[in-house]
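Below is one structure, written out as C-alpha cells; comments come after it.
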Amino acid sequence: MKKKLLSLIFVMVMIASLLAACGKADDETAADDKNTADEGKVLNIWCWNDEFQSRVKDFYPGYEHNDSTGEGKIGDITVKWVITPNENNAYQNALDAALLDQKNKAADDNVDIFLIEADYALKYTDSDYTMDVKKVGLTDADMSEQYQYTKDIVTANGKIKGSTWQATPGLFVYRRSIANEVLGTDDPAEVQKKLADWNKFNAVAADMKASGYTMLAGYDDSYRTFSNNVSGPWVQGGKVVVDDNIMRWVDQTKEFTDKGYNKKTTLWAPEWAAEQGPEGTTFGFFYSTWGINFTLLDNSLADAKAAKEVGNGIYGDWAVCQGPESYYWGGTWICAATGTDNVSAIKDIMLKLTCDKAIMKKITEVTQDYTNHKAAMNELANSDFQSDFLGGQNHIALFAEAAPKIDMSNISPYDQGCNEEFQGAFKDYFDGNVSKEEALQNFYTNIKVKYPELTTN
Amino acid sequence: MAKKKSSCVRYTKWGYIFLIPFFLVYILFSLIPLVSTIYNSFFENYRAAGGLLQVGPNFVGIDNYIKLFKEYDILMYTTNTIVIWLLGFIPQIIISITLAAWFTDLRLKLKAKSFFKTVIYMPGLIMASAFAMLFFSIFSDAGPINDILLSLNILDEPFRFLSSIAGTRGLIALMNFLMWFGNTTIILMAGIMSIDISLFEAAEVDGARSFQIFRKITIPQLRPILVYVLITSLIGGLQMFDVPQVLTNGKGLPNNSSMTLIMFLNKHLYSYNYGMGGALSVVLFVLTFGLSLLVYFAFVKKKD
Amino acid sequence: MRKEDNFSLFGLYLRRFFSYLVLIILTLLCLVPFYVLFVNSSRSHADIQKGFSLLPGKFLITNYKSLLLDKNLPVIRGIANSFIVAASSSLLSVYFSSLTAYAVHAYDFKLKKLLFSFILMVMMVPTQVTSLGFIKLVREVSFLKNTYWPLIIPSISAPIVVFFIKQYMETALPVEIVEAARIDGSHEFSTFNRIVLPIMKPAIAVQAIFSFTSSWNNYFIPALVLAEVDKNKKTLPILIAQLRSADFLKFDMGKLYMMIALSIFPIIIVYLILSKQIVSGVAMGSVKG
C-alpha cells in the first residue's frame, strides 16, 4: 500500500514537472516581443511614498496629474507611479524583484526611475542596476552647485549613480511657547546656547520634566544624532559592529525613559505624531529638512483640511536650532534604472528638479524644503526669507550652515536593516522587558535572519 | 452477469476521470511544492547584500536544520506559538463546553439561543488582519480602551499593552479566543445532541443533578469530539500568523515573545531565503502531518 | 418533597440567571470592539485624539470620502479584487469538490480506497507548510507570477470541502437516483451537473460560504504572491496590513478606522442575513467528528 502510494506520487510529480517545464518555456518566448522604440511611452517611477510625486506635480514643468487614475503625463509619455510602503523592507524587496526581472519584461513595464534613501544607497549604487548619471546626460557643470555629500553618497567606483533635489541636514525643532515658559526665551540663538551639548540638553530635560513637559516624545527621537556620528560603518569585513556612540544613545534613552523625560512612543506611531499636534506636551523633536514641512507641519494642525496658517493648531509655534550634535536624516535620490527606455525623459527630470537653480529655489520658497543647490540656498539664507510655520524664522540660514558639515563616510549597504532592527530590539530594553545584553542578543539574532551572510559577536 | 460487469467497467472510467482535476491541481500546487520545499531545505540559497546578490543554491546537507535549532532557536518560536495558543485555547474549550451544555440543557430552557449563537459565531468570520488592526488601534497607548480605563479611574496611566509580553500575548490569545469559541461551541453542541438521549433520561430518573450529568455522561460521551477539537485547534494554532503579524507589525515584540513559527517562516519567504525557509517548513510539515494522521486514524478511519 | 422542589426551582433560577449573565458578558465582548470601530469611523482625527466617546460623531461621510480619495489606499479596488478572487475560488472549490466527492461516492474502482484515504490523510495539513515550494513555483512560472491564478486555481483541490460534501452525499444522495438516470440514458457528466448538483445544493451553499470567507480573509499566501504587484491589484487584507506598517497612512485615524470598518462590516451584514444556514452548516459538518 505504501509502495503503491509512493510510486503513484512519483509518477504524478513527473507529469507535473513536465507541465511546469512547459510553463517556463513559454516564459522565454514571451520575453522576445519587446517595445524596441528608442523612447518608451511609459515612464515607471518606483518609490515608497508620495513626496517625490508631489514635487513632480508641483514643480516639474509640463507634468499633468490625473487624480482619478493616479497617473500622470509628460507630453505623450504616461507616468506610472509604483508606490510600495517602506517598512519590513517591502519597497526594496519589490524593487529588487523588479530589477532582477528587468530583462524579461516588456520595455513599458520596466523600472525607469527608482528612488533610494541614504540608508541603503550603497546597495544599489554599487550594483549594475543603476546608471551612471553622466550616461544619462548630466555633466559636472550641471551638478556643480549640489552639496558634495549628496554626490559622495551615490558615488561608487568613481561613478555618480544618482541625483537628489534635497539636502537633509538635521536640526532640533522646538515649541516656542514651551521655551518661553520653561527657559524664559524662545530666541533660537539663546535656546541653542542651552542645548549646545548633551550635558546641557539633559539639564534642560530635567527642567522640562519639572514643568510638566517632556523633552522628547519617543525612544528613537535622538537616534540619528548618535548613529550619524559613529566611528565606523555598521558592517566591517562582513561582521556587524555596534559602535560606542550607538550604545551612548541606548544609555541616554534609558535614562530619559526611566526619569520620565520622554513619552515612550516610537517613531511614526500615532501617539508620536499626536505629540506634534495641539494636544502635545513635548518640547521638541530632532528633524531634518523634509521632516519639518512634510511631517511636522501636517501633524501640528488642528484641522488638516483647513488652510495651513497661523491659528490652525500650533502652526507658527515652532522654531529650529542646531542642537547638541550635527547630524543628517534621510534624503532621497533619483536613480535611472539600467535598461530604461526613457533616458531623455529621465535626464530632463534630473536636470529640472536637481540642478535647476530657479526651480529648486522655488521648491524651497513654496514648501520650505531645503534643496540641493548651494547658490540658491545661500541666496535665501542671506535674504529676508522667513517661515510662518517657524514663527518667522529664516531656517534656511541654519541649514546652509549645517549642510556642508555633513560627512557621509561611514555608511554601509546594511544601514537600514541594522538601524531598524537595533531600534526594535532596544525598544524592549527601554520598556523594561529585557536586559541590555538580551536586547543586544536579540538584535544579533534578528540581523542574522535578515542578512544571512553577516556574522555577529 | 457478464453484461453487468462490462457496464461496471464502463462507468468505472468516470470515477477516475472525475478525480483528475482534484489530483492534478493537488499535485501541481501542493505535492510539487512539498517536494521542492524538502529539496530546497538541503541547499544554501538566499539573496545577500540586502537582496541584489544571489547566493547559491549550494548543497549543504542538513546544515540548515542544525542552524535552525542552534543559531535561530526554533524552539523559542515553537514555545511562543504553543503558549499563545494555549492562552486562547484553554478559556475557549472551557467556555465552549459550558455554553454547549447550557444551550442543550433541557431544564435550563435558555431563551434567545439563536441570537447568542449568531453573536458568538460572528467574530470567526472577520478578516483576521482587519481584526488585528482594529485591536491594535483600540488597545494602543492612547487608544479608546486606555481612554475608557483612565476616565473610569481604573488606571492612573495608560497600560501599554503592546510593550508588555503579557499584554501582547494576551491580546493575541483574546482575539484567537473570540474568533474560535463560537465555532467550538456549535461543534460541541452538535456533539451533545448526538448523544443518546436515553442516557440523560435514565440519569434524571436516578435523580442526578445537572452538574453530575454533565460530568458523568456528557464529558465522557464527548471525549472523541473534544480530542478532535483539541487536535484541529492545535494544527490551527501552529499556523497562527495573521493576528500576531499585523498586531506586532511582523516584529514579534516584545523580546520576540510573540513571534510565531509561521511569522518566522514568513521572514525567510519574504527575503527569498529558500534554504532556511525550506528547513523550517519541513519541520512544520512533520509536525502538522503527524497531527493530521492522528485525526485520520482516530476519527476518520474508524468510520469505515 | 415540596421543600426540595422549591429548593431545586430556586437553584434552576439561579443557574439560569448565571447563564444569562455569562452569555451577556460574552456578547458584549464580541460586540464592543465593533461598536468602538463604528463610533471611531464616524469621528474626525482631532476628535479621536481627544479621547473616546460613547456616541458616534458626524464625520462618517467625510471619512468615507477622504478614504475613497486616497490614491495610496485603493480600498474599492481592493474590495473588488478580493471579491474576484474569493468568488472564483469558492465556485471552483465547491464544484470540483462535489465532483471529487461524487467520484468516490458513486463509482467503484480499484484505487478508490487508496485515493480517498489520501485525501483524508492530507486533509488537515495546512497550506503554509508547502508555501515555500508554492511561492518558488509561482515566482518562477511566468503564467502564475503576479497574477491571481495561484490564489484561485488551488481551490480546485480542497480536501476538507471534499470530506464535508462526501459526508452529506452519504445521507442525501442514494445511488439509486444515479442508476435511474443511467437507465434514462443520461450521460455520466450531465447526471452530475443536472441531478447530483441540485440535490447537493444545501451542502454546496454552506461550503461555498466558508470557502468564500476563508479566501476573502486570507492574508499569508496572497501577501507573498502579490508582494510585487501594483497596489491597485492587491487584495483587501494586504491593504489592511499595510496600514500597520506604512508611516504616511497613519495621519488620519478617522480614515484608518473607516478602512477597517469597510473591510469588516460587509461580511457582518452578509453573515447576519445568512447566519442560520452558516451556524447549522458548522454543526452539520461536525456531527461526524
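A few notes on this one:
Lettered A, B and C in written order, each chain numbered from 1.
In the analysis below, a contact is a pair of C-beta atoms (placed from the backbone, for glycine too) under 8 Å apart; a residue touches a chain by one contact, two chains touch by 3 or more.
These numbers were taken from a predicted model, which means no experiment stands behind them.
Counted as hops between touching chains, the shortest connection from chain A to chain C is 1.
When the interfaces A-B and B-C are ranked by how many C-beta pairs touch across them, B-C comes first. Remark: chain A and chain B have CA centroids separated by 39 Å (rounded to whole angstrom).
Measuring from the averaged C-alpha position of chain B to that of chain C gives a distance of 15 Å. In chain C, 49, 111, 137, 227, 245, 253 are the positions where the chain touches two or more neighbouring chains simultaneously.
Those residues of chain A in touch with two or more other chains are numbered 20, 87-88, 93, 269-270, 274.
Of all residues in chain B, those that touch two or more other chains are 23, 32, 35, 142, 249-250, 268, 270. Against chain A, in their complex, chain C makes its touches with residues 45-46, 49-50, 71-72, 111, 114, 118, 137, 139-144, 227-228, 230-232, 242, 245-253.
Taken together, the chain A residues at the contact with chain C in this complex read 1, 4-5, 8, 20, 23-24, 26-27, 30, 49-50, 67, 70, 82-88, 90, 93-94, 97-98, 104, 268-270, 273-274, 277-279, 298-299, 302-304.
The touching residues of chain A, counted against chain B in their complex, run 9, 12-13, 15-17, 19-20, 87-89, 92-93, 96, 99-100, 120, 123-124, 127, 129, 264-265, 269-271, 274, 413-414, 416-417, 424, 427-428, 431, 433-434, 438, 442, 445-446, 448-453. On the side of chain B, the complex with chain C involves touching residues 8, 11-12, 14-19, 21-23, 25-26, 29-30, 32-37, 40, 95, 98-99, 102, 107-110, 114, 116-123, 125-138, 142-144, 147-148, 151, 178, 181-183, 186-187, 189-191, 194, 210, 224-225, 228-229, 231-232, 235, 238-239, 241-242, 245-247, 249-250, 262, 265-266, 268-270, 274, 277-278, 281, 284-285, 288-289, 291-293, 295-296, 299-301, 303.
On the side of chain B, the complex with chain A involves touching residues 23-24, 27-28, 31-32, 35, 46-52, 55, 71-73, 140-142, 160, 163-165, 249-251, 253-256, 264, 267-268, 270-273, 276.
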